[in-house]
Amino acid sequence: MNEQLDELYRDIIMDHYRNPRGKRKLDKIDIRNEGKNPVCGDEIEMQVELEDDKVKDIHVGCMGCAISVSSGSILAEMVKGKSLSEVKKIAETVKALLRGEPVPDGVDVGDLEVLEGIKQFPVRVKCALLSWTTLVDALESHEKGKDVTLSTTE
Amino acid sequence: MDTITTSKKEHKQLDPMILRDDFPILNRKINGKDLIYLDNAATTQKPWSVIESLRRYYEYQNANVHRGLHTLAEEATSAFENTREKVAQFIGGVKTEEIIYTRGTTEAINLVAYSWGRKNIKEGDRIVLTEMEHHANLVPWIVLAKETGAELRYIPIDVDGMLQMDNLDQIIAPDTKLVSVTHMSNVLGTINPVKELAERAHAQGALMLVDGAQSVPHLQVNVKDIDADFYAFSAHKMLGPTGVGILYGKEEILENMEPFNYGGEMISEVRFDHADWNSLPWKFEAGTPNIADAVAFAPALDYLNDLGMEAVREHEKEITAYALRRLSELKYLRVFGPTDVKHRGGAVSFIDREIHPHDLATFLDSRGIAVRAGHHCAQPLAKRLGVVSTARASFYIYNTMEEVDKLVEALKEARRYFCNE
Amino acid sequence: MDTITTSKKEHKQLDPMILRDDFPILNRKINGKDLIYLDNAATTQKPWSVIESLRRYYEYQNANVHRGLHTLAEEATSAFENTREKVAQFIGGVKTEEIIYTRGTTEAINLVAYSWGRKNIKEGDRIVLTEMEHHANLVPWIVLAKETGAELRYIPIDVDGMLQMDNLDQIIAPDTKLVSVTHMSNVLGTINPVKELAERAHAQGALMLVDGAQSVPHLQVNVKDIDADFYAFSAHKMLGPTGVGILYGKEEILENMEPFNYGGEMISEVRFDHADWNSLPWKFEAGTPNIADAVAFAPALDYLNDLGMEAVREHEKEITAYALRRLSELKYLRVFGPTDVKHRGGAVSFIDREIHPHDLATFLDSRGIAVRAGHHCAQPLAKRLGVVSTARASFYIYNTMEEVDKLVEALKEARRYFCNE
Amino acid sequence: MNEQLDELYRDIIMDHYRNPRGKRKLDKIDIRNEGKNPVCGDEIEMQVELEDDKVKDIHVGCMGCAISVSSGSILAEMVKGKSLSEVKKIAETVKALLRGEPVPDGVDVGDLEVLEGIKQFPVRVKCALLSWTTLVDALESHEKGKDVTLSTTE
């Protein structure tokens, strides 16, 4: 059983967990959003600075388990310079990986692959998705000119 | 399952004699006689697979659902949600968000009356029911109408026990906010034109609730085709365990409703002075649900799916037609409901003009035959029919023509017993 | 049952090693390890006798209750009502009229909030709760307070997780209409002085509701001695099936309450425009109840009666004291709740200062140990404790000291795994 | 099984059922009451003429099964000339017989004995009790100077 557990808590995950990226709060904030996983109590605060509709900088403040924190940290690392549609595609890839489905074409899976081990632990999938849902919601609402203040996964 | 033989018409037929083996209770002796169970409209018997599923759940998987990070809790949750998916498929392929677990039809209708009704029904609004409603689809609206000052209107029945559809525009008038109708009467057997009624309701801006307690067990039901806004039914009347019911509701309507019961599971966040709701369907499922029975409802659905609901319906038409014909031979009986089985299901109510239904039921029981006698939770209908109570035989997949013959014989015997004939 | 040995003190003791044989699920392997089930505050496992009772019911007696004049219906009714009598005895010998079947504690409390609360709570009235309530005894009152303009007040807890009883007169003040308090906390384990609180409530003319979800399974409870006006609990937390709960209410109070759900069984007469209610307890039991599970609750009560609730409590004190001692050896843990087992039951919540409770729970599960992690449906309490979630081990009659040792070992291992210690 | 059934439907019961006593409505009515058995739908209408606090005449109009009708008929036959306390005692005797318990002393069981076979049929016990409950309620209320309009058994 340690093997399965080790698949979940791979070294890269634990590294992101211990040293999460995107910790620094931003000075210029174009979008703010919060995410919550009501079942777990995981909470995330997100700040985005935009440049030409692309993510210029991002802050991810996550109170949660190793999975949600590291997933948020990977997100912070990956989305800089990406547009809404690119972020959506990555989020789709994360979902596909977590469900063991084929990933969409044209995405550089990169660090995301480490999230694959989570699919053995269905309850934890939501933890991994929290940051992605929060960001996609924020970008989508911003594009439509609407406010968003809270996203949830359950 | 080997209970199905394909007929020439490429149309599945079911053989009650074979599938009886799947129902252990049918081996019981009642007062020394073989049990002839004709009280299926009250509750049906359960196949091995359902009983076994309960045992298996408690022996291998039992845990509380949703919030668990351990294996048992994950397994229990996935089994619990698996039934929800099967139910969503069974009634026409709806979303799982639209399937809410309740205790039964009664609670499902009360949920609508509390969460939707108390918000949307105002003084002067009209709620349209029919004269053949079960108390479950009657009393919640009587109380709501009293509370709000809304008006209740009843679509009348004709002599055959069919809805009188000719004056409908007078009844489903512009002020109507809800039309709530049973899909199949538990007393008369009548199958109502719920699709047409839904259309009329929607034309007036009203919502349509269908009480499917008697229909989902016996017919192929497609709630999307009917275009019902709410649809309610009970697992225990369709081979499943007691304590589980389903409320189907259209997603956008459920989204805009307040919760019914409040507590764990149904919240997303609680502070000392405020609470936010969870998403559908859990918003309506407060507290620990009836997990084991929800899990054991799945094999009941599998069983019916394997038979095919068309075959279930065909068998019921056949046995009901036969029963109606045999009962009509007994001239001292009055048999209620439509005579054409196209328009009815297998609940057959009747009275003997000389023997009180309770005495009749007691007599039949002494012959091993279980029928129900009483008002069948539809007192206003009984009054409308000019009786206080009736006897009712109601059939299901495991009932045979031979059992109908035995019923008829026993009814004749009762005459000899009570009336010295 | 041979699970009981009489000790020198003429005081029954239970031996978990022997009675484990009665619980088939305890033979399960989880991730290759023996299951160590420490999630009993969420739901307990079921003995053979309960599982068998379900099977027997469906194989021999299944029928709808109350209205049947046939043998099966009579047998089902008598089994269903038999459990009600056992429950009435179990909580101190009350009347069967005072025992209402619900789906669980949550529905029981909602019944009071709807039927009693909406009639009796007005603007400016006060409802008193505590900071340690489960959402089931929190959200119904938050919503009621919002609806009516009533005020909610919370009895605070001290650092040990005990209620602060010193300022009580300020809190349970004259405007108070209801004091609603958990008998035992599902997070802290704290046993609250509900008898004293009931006295204070009554002195102000308020009613007292006790949430007994965690107490009835673990303590000898006498609702008459407590003088509770309402007392709610769940069968599934005390060896019984899911889907059954109990609301005890004093007869004269229940008599004066409106029904909750409306439909069959709960009426005495229905006309098209009016309905009269049935007598207690059926007035509150609309529709087909969860018959099979109510029937199968009886052997659960028999099982606990055979053990003796004092022996149950003694075993729990012992194992909880041992667990508290062993956990206190792990300096990186913070353990919540009273330290003296006189004041607490066997729900032990804790956090590892470095490992998130969810990661801890997942790790423990890989060792076959089922604990719960989260807010345990008491978010405001979690916030009050300054945490988002905790891990919780909760014990019952079949848990052993050895299992506590294994938990402690696994917690140490988790440290090595997550923190490279 | 016919034996058990025959215990329930004894000849005397069937005779009372076919020719119920107390059918005639009264001219002078001192007390009226109705009884209902909501489970069965049995309904009873009762009229009592008093003389010195004793039942001088009684009308029992019962719509119901053989058991409730015959029990009402037996009642009509038995209570004439009896006081409230005597009627109560007979009603207690009926209850005891129906439950298979020992009957109170000093009551002439008489025709009541035929009700004993009902105890094998628990659901029907209520039918047999309906008329008795209705009468006792009526007399008790009358004694207390209160009105009663409906009694139920379930």
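As written, the chain order gives the labels A, B, C and D, with residue 1 at the start of each chain.
Heads up, the rule we're going with is that contacts are C-beta pairs under 8 Å (C-beta built on N, C-alpha and C of every residue); 3 or more make two chains touch, one makes a residue touch a chain.
Small disclaimer: the values here were computed from a predicted structure and weren't measured.
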Please identify which chain has its centre, taken as the mean of its CA atoms, farthest from the centre of subunit B. A
Write down the chain pair with more C-beta contact pairs when C-D is set against A-C. A-C
Which integer distance in Å separates the CA centroid of subunit A from that of subunit D? 77
Dist(centroid_CA(subunit B), centroid_CA(subunit C)) in Å evaluates to 32
Euclidean distance of C-alpha centroids - subunit C vs subunit D, Å: 46
Distance from the mean Cα position of subunit C to that of subunit A, given in whole angstrom: 38
Residues of subunit B that touch two or more other chains sit at 31, 67-69, 73, 267, 269, 358, 362, 374, 379
Would you pick out the residues of subunit A that each touch at least 2 other chains? 39, 124
Within their complex, subunit A touches subunit C through residues 1-2, 4-5, 8-9, 14, 39-43, 63-67, 121, 124, 127
Across the complex, what residues on subunit B touch subunit D? 31-33, 356-359, 362-363, 366-367, 374-375, 379, 382, 388-389, 417-418
Spell out the residues on subunit D that touch subunit C in their complex, using ranges where they run on. 36, 38-39, 122-124, 152, 154
Flag every residue of subunit C that touches subunit B in the complex, lowest number first. 24-25, 28, 30-31, 35, 37, 39, 42-43, 45-46, 50-51, 54-55, 58-64, 67-73, 103-107, 109-110, 113-114, 131, 134-136, 138-140, 142-143, 152, 154, 234, 236, 241-244, 261-267, 269-275, 286-293, 358, 361-362, 364-365, 369-374, 376-377, 379-380, 383
Give every residue of subunit B touching subunit A within the complex, in rising order. 66-69, 73-74, 77-78, 267-269, 278-279, 282
